[in-house]
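Next up, some structures in structure tokens.
Okay, so subunit A shows up in both of these, paired with subunit B first and subunit C after.
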Partner chain A sequence: MSVRLENVSFTYPGTPVGVEDVSLTIDPGEFVAVIGPSGCGKTTVLKLIAGFLSPDRGRILLGGQDATTLPTRRRELGIVFQNYALFPHMSVAENVAYPLKLRGVSADERRRRALAAVETVGLAAFAGRRPPQLSGGQQQRVALARALVFAPKALLLDEPLSALDAARRVEMRDEIRRLQQAHGIATLHITHDQEEALSMADKVVVMAQGRILQAGTPSEIYERPVNRTVAAFVGQANLWTGRVRDARQVETPIGRLSADLSGYRPGDEVCVLVRPERVAPGPAPDGINQFSGTIARDRFLGSMRRFDLSVGGGTVTVETKETSRIDTIHIAETSIQILPLDAEQNASETRKS
Partner chain B sequence: MSRASAPSQTLLLASLATPGAICLGLFFLAPLAVVGVESLQDGGGGFSRLLSQPAFWSGLRNTLVLGATAGAISVVIGSLVAWHLAQIGERMRTALMFVIALPLTFSGLVVAYGFILGFGRAGFFTLTLEALFGVDPAAFAAFVYSPQGLAFVYSYYLIPRVVMLMVPVLVNFDRNQLAAAESLGAGRTRAIADILVPQVFPAALVAFCLVAAVAIGAYGTALALVGSQVNILPLQLFTAVSDVNADYARTAALAMILTLLCSLAMAVGEAVAVRGETGKGH
Partner chain C sequence: MAGGGLVIDGRARAAAWRSPAAWVTGLYALYLVLPILLLVLGSFGNTWSNTLLPNGFTGRWYLQVINDPSFTRAFWTSLTVCVATVAGCVVIGAPLAYAVSSAASRGVKLAARIVYLLPIAAPAVVIGFGYLLLFSSEATPWLGATWLIIAGHIVFCLPYMLQTVVNDMRLLGLSQLEQAAESLGASFPRRFVDIVLPSLKHSLAAGSITVAALSIGEFQLTNLIAGFANRTYPIVLLQAFYGATGFACAATVVLLLLALTASASSAFTAKGASGTARAGA
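Presenting the complex of A and B:
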């Protein structure tokens, strides 16, 4: 079943905070991750879909039916909360059986189904325990089993991995994805962890200041960000403010770069994006976009190395497997993306000048 | 940092506990022992004489009803007030808790006179109700001097105790659980009944036991309000100790029974609290 938001706006009473004109579709079986900095409105989107908040404008459709004014309990949505919100006075089995109890399923049947769901998440041996007796990862699994046991129309995950340690987080990503695919359920995953979003989702939605900036596949978001904010939030990025010199060259703090500047006029201010892994160590065969400098910071990251090279008035961040000393790098023209400056960035630059 | 040795730590703890132990011994255990010995004079005859009097049994019943009624009213109202306080900002909550706790500093006599001034025959509220709605002052004022009125007045200083006990429990209650229950299909009332109530019930029961014990043992407010018109054990005890020709063994027996009642109520509360703590986690 699909979830659809049509031009939804909401403002928290007495504040300017909320979401503005949000349109979003989650198709059946699709996993959509919403990412953005704290306060960008991503949890508000979840609360609106869940029915915890009512939109000021716009419509929310569940399975094509208008659910804008439907109370939470009638929306048939499985929700996993950030802190799991398990019921501490109930056992694992009772927690999972609770939605079935509310639907009038007989005691025997709900016990059978609850135990089956608990087994699906690998916690059969813990069915009789209370939530406080479980680890964070186990509580997470119980919350998932409880959210899925009644075959909801969609699954909403509100930063469910944020309370776990790094190793458990990676493990749970696969677990969540496995369960989501097994149930073929439309899923909205709220997270501030861009790596989590990119690795799990079919579609990633980037939000800032209550608005959707870009929605697309993880690779689209990473490879073709629409603006500086998206580029900066998703993955590592070299972002320089530059001034267009002509159709082939742009002036940046690290020096003059050759790039495709079609569509821009000389004198235009632009944002220049180069992903660190697209910067090549060593001199360029043709000498174009080649820079030399000194390493300001060098980090060993296990499978690769990330270092900052001080060049001219700026810094170039480089990711490479090369371990030898490097003082020259080059950037292929195809690795350079020219983005329009965000309105806010533009204003900031104007103020500075 | 070096760790203190076990014997010296024990000595330190013992020295810290000594002032409290002296107070407990001098002002509670010793008098209690004296009264206990007194009550057992002539082979427990005091108890026999006390238990054979119908007035004792009706007084016991009234005392328990008063304790239970005032306790129940206070727990219900106090829990609702605490629920509201738990949902507001911390600064406002602290300010309101300060105001709510004020009645705890008043003596029972002051509270009683306050209610007489407010709800007595010439009380402010009584006269206001007469002026606005034509309520008969004599009939209205009779309420405050009745056993029900006594429970109402007791609630005035029992409710703050309940609020103090319930606020931390409700502040710590994760309200996402109610949202989770609603998302799973429960209505608001069902979510509260299934999720909130079972979790706060032990604390409410502890609060009930505590305030019921206070209500069972209180006499100052009752004395000031109803004199000897209402037959409750604390007033029986007050009358007996005021009588120079009193049967001391019987009076001591009455004191011991009243102490036992209050201690039992407190013990039940403590047992519930301990059970609640041990049942929470590992």
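Presenting the complex of A and C:
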């Protein structure tokens, strides 16, 4: 079933914090990740869908039905919490069987279904254990099994991987995606990890200060961010504040760049975005957008190398497989995106996540 | 490997005996236990006056205590009051603790905190005097009634129960467990019975031990409201101190046993009661 938010606003009483005019659709079987910095309102969106909070304005629809005032327990949503929220006094099987017990499923039937669900997350051998006896990853699998066992209308994941260590996290991404696809369930995944969002989701929603900045496929968000905040939050980025000289050139801290500036007037302040992997090492064949400088920092990242080149009054971050010494780079015009400046223009020039 | 472990263990133990902390703890434990040991010795001693230890061995003091109707009556009154106070504190304390910790507004939480800390802050004698004034009028002639003693004890003991349970609720992350249960389809009564009570099993048990011990030993408040016919054990015990030393010792040891039994059994009962709440999950 689908989940739909229509112009939803909510403010925490006595604070200016909340979400403002949020509209969002999760289609049946779709995996939507909401990302954004701490306090951007992404968890508030989940709580509103879950019914833990009620919107001040707007509507929430589940499977096309208005659920704005429906209590949480009638919304039929599977929720996985950051800290798993497994019942410590119940065994793994009892935890998973609990939603079935609430739905009046007979003892034999719920035991059979709970054990089957526990098996699909690979924990058949642990069915009799108590949650505190399991590792974080195992507890998260139990939480997933419990959230899915009663065939909910949608699955809500509240930063489910943030309490796990790095290796387990990558493994669980695939596990969550596998289960989500097997159930064909509309899923909302809240995370502050942009890499996690890009690698898992069908659609990524970027939020800041209680508003949705952009929603789109992972590649749309990465390749065509609508503003500086989105560009800075998703992936690595060279972001320079520049002043338009004419329709062909922009003045930046690293020097004059040739780019397509149609639509901007001379003197306009703009944000210039170049992804580090789009910066080419070595001189340009035609000499356009070619810069030389000294390497300020050089990082070996296994499959590639990321270095910062000090050029003029700025820095160019470059990602390359080239291992030799580099002091000249060039940037193809097609690799340069011009974005309007937004509220976060004072943020640091280059973001390193 | 096992040998190495033993050596380290031995060294650690030797080091522990040299540490000042171990000595302080040991001396303090001795200071705590010594009076109790002397009481037990005295309760079996035939005569005990002007000597360090009592002379002779006898069981007659215990027989005297058992055969004294005012002591046996007080014993049963104390036991009844204690059991009822523990039950009352569990029954009132669990929902109240839940209300306090899940109250959304900070003002409500503060008010609740003040209200339930008041009986700790106000001396028992003050509360007792209030009761004395309130329940000695012709319209409210209930001074000395067992239920009034129980009510007094609940007021006096409840804060200790709440303190334990509210703290544990926070530590357990109970609000998130409840949200999880709610999302799975559990109504409030179901959540309370299936999740809240079983999660609080240990804290209710711990709170019950404190409440039972406090109720059994309570003197100040009870002394003012118990009247003459319905006194609890500690109040009757005070009389014993004017008689033979052996009798006083025996009567005190009985109180000690009563307190230990009450604490232990209340803990088991509280644990069992909240445990059965989720039978057949």
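We take it that the second predicted complex is superposed on the first by the 343 of 353 C-alpha atoms of A that agree within 3 Å, B and C clash if a C-alpha of one lies under 4 Å from a C-alpha of the other, contacts with A are read in each partner's own complex, and residues count from 1 in each chain.
We adopt the following convention: a contact is a pair of C-beta atoms (placed from the backbone, for glycine too) under 8 Å apart; a residue touches a chain by one contact, two chains touch by 3 or more.
Source: prediction; values computed, not measured.
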Overlay on subunit A: subunit C relative to subunit B, clash or fit: clash
Contacts of A:A97 with subunit B and subunit C, given as first, second, both or neither: second
Which superposed partner A:Q133 touches (first subunit B, second subunit C, both, neither): first
Touched partner set for A:N83, first subunit B, second subunit C, both or neither: both
Contacts of A:G263 with subunit B and subunit C, given as first, second, both or neither: neither
Partner chain(s) touched by A:A107 [first = subunit B, second = subunit C, both, neither]: second
Touched partner set for A:R146, first subunit B, second subunit C, both or neither: both
Touched partner set for A:G184, first subunit B, second subunit C, both or neither: neither
Overlap of subunit C and subunit B interfaces on subunit A (superposed complexes): 50, 52, 72-73, 75-79, 81, 83, 85-89, 98-99, 102-103, 146, 150
Of all residues in subunit B, those that touch subunit A in their complex: 174, 176-177, 179-187, 190, 194-195, 198-199, 280-282
In the complex with subunit B, residue positions of subunit A that touch it: 50, 52, 71-73, 75-79, 81-83, 85-89, 98-99, 102-103, 130, 132-133, 146, 150
Residue ranges of subunit A in contact with subunit C within the complex: 50, 52, 72-79, 81, 83, 85-90, 94, 97-99, 101-103, 107, 146-147, 150
Subunit C - residues contacting subunit A, complex: 172-173, 176-177, 179-187, 190, 194-195, 198-199, 201, 278, 280-281
